[in-house]
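Heads up: the structure comes next, in structure tokens.
Think of it as A, B, C and D in the order they're written, each chain with its own count starting at 1.
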Amino acid sequence: MDYGMYFFEHITPYETLVRRMERVIASGRTQYQDYFLFETKGFGKVLVLDKDVQSTEKDEYIYHETLVHPAMLAHPDPRRVLIVGGGEGATLREVLRHPSVERAVMVDIDGELVEVAKAHMPEWHQGAFEDPRTVLVIEDARAYLERHEDTYDVILIDLTDPVGEDNPARLLYTVEFYRLVKSRLNPGGVMGMQAGMVMLTHHRVHPVVHRTVREAFRYVRSYKNHIPGFFLNFGFLLASDAFDPAAFSEGVIEARIRERNLPLRHLTSRYLEAMFVLPKDLEEAIAEETLVSTDQNPFYVTPEGEARQAPYRG
Amino acid sequence: MDYGMYFFEHITPYETLVRRMERVIASGRTQYQDYFLFETKGFGKVLVLDKDVQSTEKDEYIYHETLVHPAMLAHPDPRRVLIVGGGEGATLREVLRHPSVERAVMVDIDGELVEVAKAHMPEWHQGAFEDPRTVLVIEDARAYLERHEDTYDVILIDLTDPVGEDNPARLLYTVEFYRLVKSRLNPGGVMGMQAGMVMLTHHRVHPVVHRTVREAFRYVRSYKNHIPGFFLNFGFLLASDAFDPAAFSEGVIEARIRERNLPLRHLTSRYLEAMFVLPKDLEEAIAEETLVSTDQNPFYVTPEGEARQAPYRG
Amino acid sequence: MDYGMYFFEHITPYETLVRRMERVIASGRTQYQDYFLFETKGFGKVLVLDKDVQSTEKDEYIYHETLVHPAMLAHPDPRRVLIVGGGEGATLREVLRHPSVERAVMVDIDGELVEVAKAHMPEWHQGAFEDPRTVLVIEDARAYLERHEDTYDVILIDLTDPVGEDNPARLLYTVEFYRLVKSRLNPGGVMGMQAGMVMLTHHRVHPVVHRTVREAFRYVRSYKNHIPGFFLNFGFLLASDAFDPAAFSEGVIEARIRERNLPLRHLTSRYLEAMFVLPKDLEEAIAEETLVSTDQNPFYVTPEGEARQAPYRG
Amino acid sequence: MDYGMYFFEHITPYETLVRRMERVIASGRTQYQDYFLFETKGFGKVLVLDKDVQSTEKDEYIYHETLVHPAMLAHPDPRRVLIVGGGEGATLREVLRHPSVERAVMVDIDGELVEVAKAHMPEWHQGAFEDPRTVLVIEDARAYLERHEDTYDVILIDLTDPVGEDNPARLLYTVEFYRLVKSRLNPGGVMGMQAGMVMLTHHRVHPVVHRTVREAFRYVRSYKNHIPGFFLNFGFLLASDAFDPAAFSEGVIEARIRERNLPLRHLTSRYLEAMFVLPKDLEEAIAEETLVSTDQNPFYVTPEGEARQAPYRG
């Protein structure tokens, strides 16, 4: 390591990833979180929010294809889509690639961050904020959902992990919140979400999220993918009351990819389906998990990545 | 990060993983390589050889199940097995779980390292070195294969990546070497190997290994798995001239796991098969790779993880 | 920075010194503190106790000459000397160089650490523990002084800084303790001590120690020296009720160095005297300091190096 | 160490100082060097040029008083002063405090850096660039001195160390350059300079500079001071052919400080004089040094801080 600027990210309490920064593009604090945007040689631009790397320019396509398309392809005709979070606009971008979409509402609490993304992260949004189908709402997603009774075919949840006991995002990781989301799904609708890093040696963040969602939905299916820029496996999930979103009928996903003419770089129909096959240790950890995150006693992730449960004192 | 001892591993030229060491168990230099064995809170004991983390106590089962069982299960009746490398004995341990095995020959060049493993890493070998079916040979694997005409049902290659231009392991990553391995397979035999980390943003180590093996074998199938303790996806492959080792007949793997009574912690038959489904970007990188590593011009990995090709000047 | 083992020391809350470790010689925890002894290329062996580097093989002569000889040379005929702390034996070694010394009592609470030093740090003690004039006592220094009424010509205090609110050494940094020390000095006796790092930009550890000692002694003189292996200036002081220990009569120090035939490597009489000349900012910080550390309300140093005062709850 | 941005400075090949950056104010590369300007909690703004910390807001007064006033006070009536280097303007600021100064010429090769300082470092220059006595020249100092025959009462050299074999500053550290400087001194003139870090355990940068200057001047006197923000002792020197600049007549420095009404924060006359008293090991290292840096074979400092000698190939 040469002299110069580095970014420290504590992936676990005992392992820290140190990234060389070629240049700091922007850094500061919004009303809700710290942000850092810097240039690296390996991953291009890197965005960090409140302690954790959120996205990198060179591999964000992997994360966003993984988050968006399983849910969108599980639905035969997604017209109305809600995105909870997703500040930099790439989740929105991928949603808009599905030609059936008529309206994509993105609700993010942090308008300052969206402005940072608009100004400095065009590689992510690629103009998605200007798409006529886009409705951008700056508001707490839970409050928005409570106030509006609009319903959607697909709801995508793209939030930062609820790191820190005082993190307001904790109330977006509870049974009550997932029930609220469900109530805003059209018949046949599906929810897709980023569901926490997977590192069974160290913690059970993903199992807790899965267990909690299962309390609200009939069908919950975890899947996972390795995100190179996070240096971790990340968990995702689909949830629905209408159908099992991982019961792929032969050829259906492949046909939908073709019909919708999706320009995929990472996913194929076969790989999409394979992501839902979990290793035995993860299957068991999910099956054995008992912690349910509730409004009364919502879980949070310690700065070091451990899942704990305690009342939230906003 | 509190005060104390840490280990720096340069995963890429721009990203460094810093691990807290609770205790240093052993460190030094054998005739062939530096070694460090230390205790961590997250992964238990961690073994580092020449710059790279090789194995951790808490997740070695993931690595070794991934390396060993696809090849062993691809074969209907593996009796004679050769392990190239595999110093700490866990590859051997997993091989010996298959009851058909009559003889497992392990050839590792570094006898000093095997002694370190015997003394300090019982969690890995678990007595495998004392199994009556085990034959331990301390010798350069290539020289051994050239001198001995014994043949095997399965040959497993468990080597460190050829990091560094002066690394003698470079001659164990060439077409000529793979042809030599093939000549020591029985009819119907299969080769399985650790085939380099996968990080397409930074390099093409795995595609080069795959491309090179394809020059020697008729059927070559890559698979990959996330190894938590490496914080990376790693590539593996199976190769055979006799059959396509990824053309899984319905139920065969599951049946063999049951018959052989394998105590698997990470793999299931479904997950084993899913590991062979690659994402599109990796499929394409493999398909497009042209570099073939040869004795004349063997490839090597720079300390930072890039694949290069140059004559080896011993 | 190459791959390998490093030691992190937080010199301040915002600046961390990272030292490459070639080899870990010993590490563990005694009843009283963590210890780490490792080999480095620049400073040879490095000893760390409870967060802070205590001594390095290559420059310990600077620290120990600076601590010991000003007090010993201030006294015309030091026969009986007490050392409080000083576990690795180098303070003792320097004391014994003065031929008038008949008895050197070293009281250190941490017998395990003295054993580590005897076994692994011969460069420090150089046989001093075997000198017939040496009396080694393993006990809390304060308890020892309270129980024994022996008196001394010179008392040297060589303690770790009272880092941490729960550090028992805090009771060795109070007015009451310094009064106890004074009561064990012979007429004409002098106390010399390591008196905390000097970093006025960050904290006032040395001024607090100086101010506290001044509550107990008539004459208190600070001096300072740069200790390369600490990457800091360190404060020391002499205290006496009998005479001003920094009122050097022309030629006296030089004459004593010659008479006693001291094999000095760092000090000369001129440099010894120059160390007592302080820069204006430090003079002012000492003059303005008001915090007095008492048994009721002893001061301590936060892990980051700040001086605070609070009751000690054993 | 919390998550966030850090700066790595390799103080030696084996010891690295890691500073927490609160905010990056500016960073980039001028025609001549990399620069980084960032905010820290302990030292305020920190300026790094080509690998090494040059100055920090909170302790720059220590460095600049140490560099400037010994030379200025050694001269009874400094009217014309030349500053070689000194880009951020604080050396100039301290020079201008002497009321006798009529003209202060500052020659720095790096105009871009001066602009960065003007824009972002007002705490350093404090308007000095606007003083009517100031003449700012953007040019290589050696070329300037060769072309202009103006002479000065005091010449101050405030350069970065010649780090790196390809560093053009190497030709500002040779006998020939010092002879050129001498030829531009008025009768009774004196040269003062920053003369390299002092770390005898690791290298002999200061002794080499001293030895080289001695080849050009009759009287050369080293002095040193601890610079907290560098975490090192730094060497300085005065040189003159007219008089011994460290032969302080009783009361003269004190009288000049008073007459000139200097608002000193770190220096007193006594401390100024004490800085010239060197410890024995440093005195010996200077006395024994034989390396003389010449145009033919100029010395340079390796990135790790070692002094080497080799022809300069522009």
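Heads up, the rule we're going with is that a residue touches a chain if its C-beta (ideal position, glycine included) is under 8 Å from a C-beta of that chain, and two chains touch if they have at least 3 such contacts.
Heads up on the chains, UniProt names are A, B, C, D = Polyamine aminopropyltransferase.
Bear in mind that the values here come from a model prediction, so they are computed numbers and not experimental data.
More than half of the contact pairs of A-D, counted by residue number, reappear in one of C-D, A-B or B-C; that pair is B-C. In this structure chain A contacts its sequence twin chain B using mostly the same residue numbers, the overlap exceeding half. For this pair, chain B with chain C, the centres built from the Cα atoms lie 53 Å apart.
Measuring from the averaged C-alpha position of chain A to that of chain C gives a distance of 55 Å. Centroids of chain A and chain B (each the mean of its C-alpha atoms) stand 33 Å apart. Each of the following residues of chain D touches two or more other chains: 1, 8, 10. Chain D makes touch with chain A in their complex at residues 1-10, 21, 23-24, 27, 36, 48, 51, 303.
Across the interface of their complex, chain A is touched by residues 1, 8, 10-20, 40-43, 58-59, 62, 199-202, 226, 228-229, 231-233, 264-268, 270-271, 273-274, 277-281, 283 of chain B.
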